[in-house]
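Below are two complexes that have subunit A in common, paired first with subunit B and then with subunit C.
Take a look at the complex of A and B:
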């Protein structure tokens, strides 16, 4: 393989891995937006909560990674339902800006609760780090492949849930037209709880996947929330396939930009992508309200 | 139910005002009779610096206790007025204003974070109050502080030079730097590049990476392409953790060099030992061989006082000696005398009390501190200091040397 082709291929591979992990919380953000119509920034702290729940399961109780990932999903999902019920729900009648700001306040509060319990130090999962595999001259990490697989399975499960189950269809109905859905007898409260559970659960899962690759501290979720938000907006806020496309665009874009730019400009790519997309195609790549 | 409001009569008001005016005059009378000499301490007792601040305040208090036991300063007992800067510039400025305007201290010792020092310094020099700090950012001493500031922490120029010298001494010939995007990154890279060739080594490349990324695989690829025999990871703990993982995954086995705040005990706990094996860490060190360090150990009852405790020890000593030399407790007096007692050909002294005795006999002194020689250039930076090097082995730090 000529060196430049190998380099581009490596960057694309790296981008796909980074993008897939980003896609998981981005789907959570976009799903909540689709049903409840506000960007829930509390996703950041729920990612952190998931990462820590997975940490407790993995390090304290000695569970392997896969069951720990499920614990991360469940813990963040349940906390998501509870915080929405107790806090954010009361703000929703005041409009989406108020609710979005309340969600920022909520995320800071939750992050500090985690800090209170665990302190500021970095923690890592009980997981051996393996050397990368090499195919021709392309490097792939076994852990990252596993993350990729977990992310892919989670996304596939969500798509099947939305496409084939009655509850999934009800969720799409509420997202599409809440008024009509309520006339049809769909319980909007139940659906909003469910979407919070799934959305925040995905955030928690994403938080743990990020933690598996890095290490975790109370800021784990907060550090990634801008990229997650960028991915959701680029793909079209409210569209689940859009979140995946957006995350891959941001992930691969950030890597490929290294061909021309110094690495310290990497984050710029996500935000330039937001500007371009919002200017040229305000509804996002796949448009809003698409399932 | 009726509400009663207490309204003072005019007579009561006049009486009260008179009493207040009398009270205002009182301190002047008391002061003339040898009231305690109040000196300001402004350390972070809470916030990011909350671990170091209280220990620094304690170290200063310990020095002043000794000074008081030996008769005080200018015939007065020294009292430290300690305020919390909360590691927050805004809170720090408020506390500094209180120390300067209400307590009227001649000196403020202790700012820790660079952002806090940058905010407090103008308040100090405007009111001719002396400031001592551990903030390492280069621009601090470049502020127009008119001499009312010294810092005992090495700046990034000195750190870069010392790091380069050590790296070259390990036999590394081809060095690569990966730095986080931060104000110190480019100056450190430039300095390392400048100094390495003097010791027969060279910087073959460097990159500055974005913080908060979940992976640095592509950055690691870029670094490894240059085929370095040592990689200097100049970042903070969260990103250096990711870099160490990614370097390991990429199969790099050569030496890695990092600041001790980037590879902490917690970082070692969070990573498998094979990933951190052989990492060299560096940090500004107390001058562990010096007599002043031994005295600080005894005074604090601590086996191994760190760089911050020893720097605080030195501020308290330098300030006490400067006031004695100036024969007045003013910021300008300290500014004009601090170099007269800390450097030059005088008798070497290692504690404030010993220095005060010699000054009383009219002798010249040169204070040699627990954190280093405490010699300052014209902008208030130290001229030399020691660094401590550790190496990671089996997931634990092993002491290499202080040099």
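Take a look at the complex of A and C:
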């Protein structure tokens, strides 16, 4: 392969990996948006909480990565239900703007609780050092492949939950038409608790997957929030397949921009993607409607 | 000690100017700006760079800062003006983060995370530090006073009335023949301009700016100031700004007194406190210390014949 083709191929592969991981928290965000109709910025701190819960399980208790990832999901999901119950739920009657502001205050509060306990230093998971695999001239790390698999399994589980179970169908019904759903006797409170558990759980899982690639600190979640929102908006806020498509688009886009931009500008690419989509097609690639 | 108090008063003035600006966007027009620190940063960098690299006088730099921030505000508002308000929340937050990332990495222009130092202050060289502080307090005080008067005029004007109508019900305002999108963009530009000017005032006062200053927490400070004072209310905005500076500064003295808390933990407690306070204010006292006074609109008495006609027949 000529070097430039090889470089582009490598970047696309990296982009697919990054995009698949990004899709996990983006699905969480878009699911919460679909049911509760506000952009929940608290997602950032829940990603951090998941990353640290996984860190405790992995480094302090010596669990392998797979069970640690489940701990990350459960911890962030439970904190998500609790904070929604105590804080955000009270704001929903006063409208989505107030709720969004409260959610950003909440994210800073939670982030600082993590900072109080763990300080600002970077931490890494206990991972075996492995040599990258090579296919033709493309390098892939075994850990990256494992992350990819975890993300794919989590998404497949979510899709089958939404498609085949009664509760999953109820959740989609509330997202589609809350009034009709309540006439059919669906308990909206239970559904909002459930969507918070699943959504924030996915955020926590995503936070840990991002951390597995690099390292974690209290800002892990906040640093990736721009890409997560970009993925959800590009795909169409409220659309779960959209979040996956959006995440892959943003992931590959961020990598391809490395051809002519320094990696430090990566998050700005997400912001530019948001601006482009809102200007050209506000409902996103797969969105049913614009809000 | 006097110098410290004057410095705090200058901070309070800068916060008050920001709160007045945000009040136009959030309090009057009901638009959410989660990236107001981004506009503050644009103002600070524009004025610092123009005076330092292009040799412009400070006043010209400040004017350019306000204009640049307003122009950026127009662009940000235009993208989202026809969509639901939460898109604006996402875009403004993304904007502020992007500004910080660009400022941290465009080293040839902004000197990256090291920041820009040696920004000129008015007659800083020829005055003693105490006299400079006093002079600057006068400058900031005058600007805040002018901004306050303008904001009051704006609030009472037909323009302000339309903004409040849009905030309360966009559709009704549109039905009444108001060009909702245009009003929103204008309101956003005015608010962003005030934020940019505040950024320039900050840069020329401290003589040093760096990307680390422009963090999302700063946005929360101003939101809290405005909420504490009373949303939609200019007097409240100024009072809230003074209150928040007092609160921030007093925690600086109290937290080190608690034994066994490291510096990082102290900072974390401070930020946690601000965030929790914002949530509590938002929840339990959304009208603030000085609630917005809405003008009483005289309702013409209904002629008896009109009421009689609509009596339900039993």
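In the analysis below, the second predicted complex is superposed on the first by the 280 of 291 C-alpha atoms of A that agree within 3 Å, B and C clash if a C-alpha of one lies under 4 Å from a C-alpha of the other, contacts with A are read in each partner's own complex, and residues count from 1 in each chain.
Criterion: a contact is a pair of C-beta atoms (placed from the backbone, for glycine too) under 8 Å apart; a residue touches a chain by one contact, two chains touch by 3 or more.
Everything numeric here is computed off the predicted structure, so don't read it as measured data.
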Subunit B and subunit C placed together on subunit A: clash or fit? clash
Just subunit B (first), just subunit C (second), both, or neither: which does A:152 touch?
-> neither
Problem set entry | Touching partner for A:229 - first (subunit B), second (subunit C), both, neither | second
Which of subunit B and subunit C A:130 touches, first, second, both or neither | first
### Query
Which holds for A:91: it touches subunit B only (first), subunit C only (second), both, or neither?
second
Query = Is A:109 in contact with subunit B, with subunit C, with both, or with neither (first, second, both, neither)?
reply = second
- Quick one: classify A:258 as touching subunit B (first), subunit C (second), both or neither. first
*Applying the touch criterion given at the start, work out whether A:70 contacts subunit B, subunit C, both or neither, answering first, second, both or neither.*
neither
Notebook entry, point to check: After lining up the shared chain so the two structures overlap, which partner does A:138 touch, if you call subunit B first and subunit C second: first, second, both or neither?
Noted result: neither
Ask   = Given the touch rule stated above, what does A:21 touch, subunit B (first), subunit C (second), both, or neither?
value = first
So the subunit A residues that subunit B and subunit C both touch are 262, 264-265, 267
Subunit A residues touching subunit B in their complex are 7, 10-11, 14, 17-18, 21, 121-124, 127-132, 139, 141, 143-144, 210, 213-215, 217, 219, 223-224, 255, 258, 262-267
Contacts from subunit C onto subunit A in the complex sit at residues 30, 32, 34, 79-80, 82-87, 89-91, 93-95, 97-98, 101-102, 104-105, 216-217, 219-220, 223, 262, 264-265, 267-269, 271-272, 274-276, 278-279, 282-283, 286
Residue set of subunit B touching subunit A in the complex reads 181, 207-210, 212-219, 221-222, 237-238, 241-242, 245, 248-251, 264, 266-267, 269-272, 274-275
Residue set of subunit A touching subunit C in the complex reads 38-39, 41, 87, 90-91, 94, 96-98, 100-102, 104-106, 108-109, 111-113, 115-116, 119-120, 222, 225-226, 229-230, 233, 262, 264-265, 267-268, 270-271, 274-275, 278-279, 282, 290-291
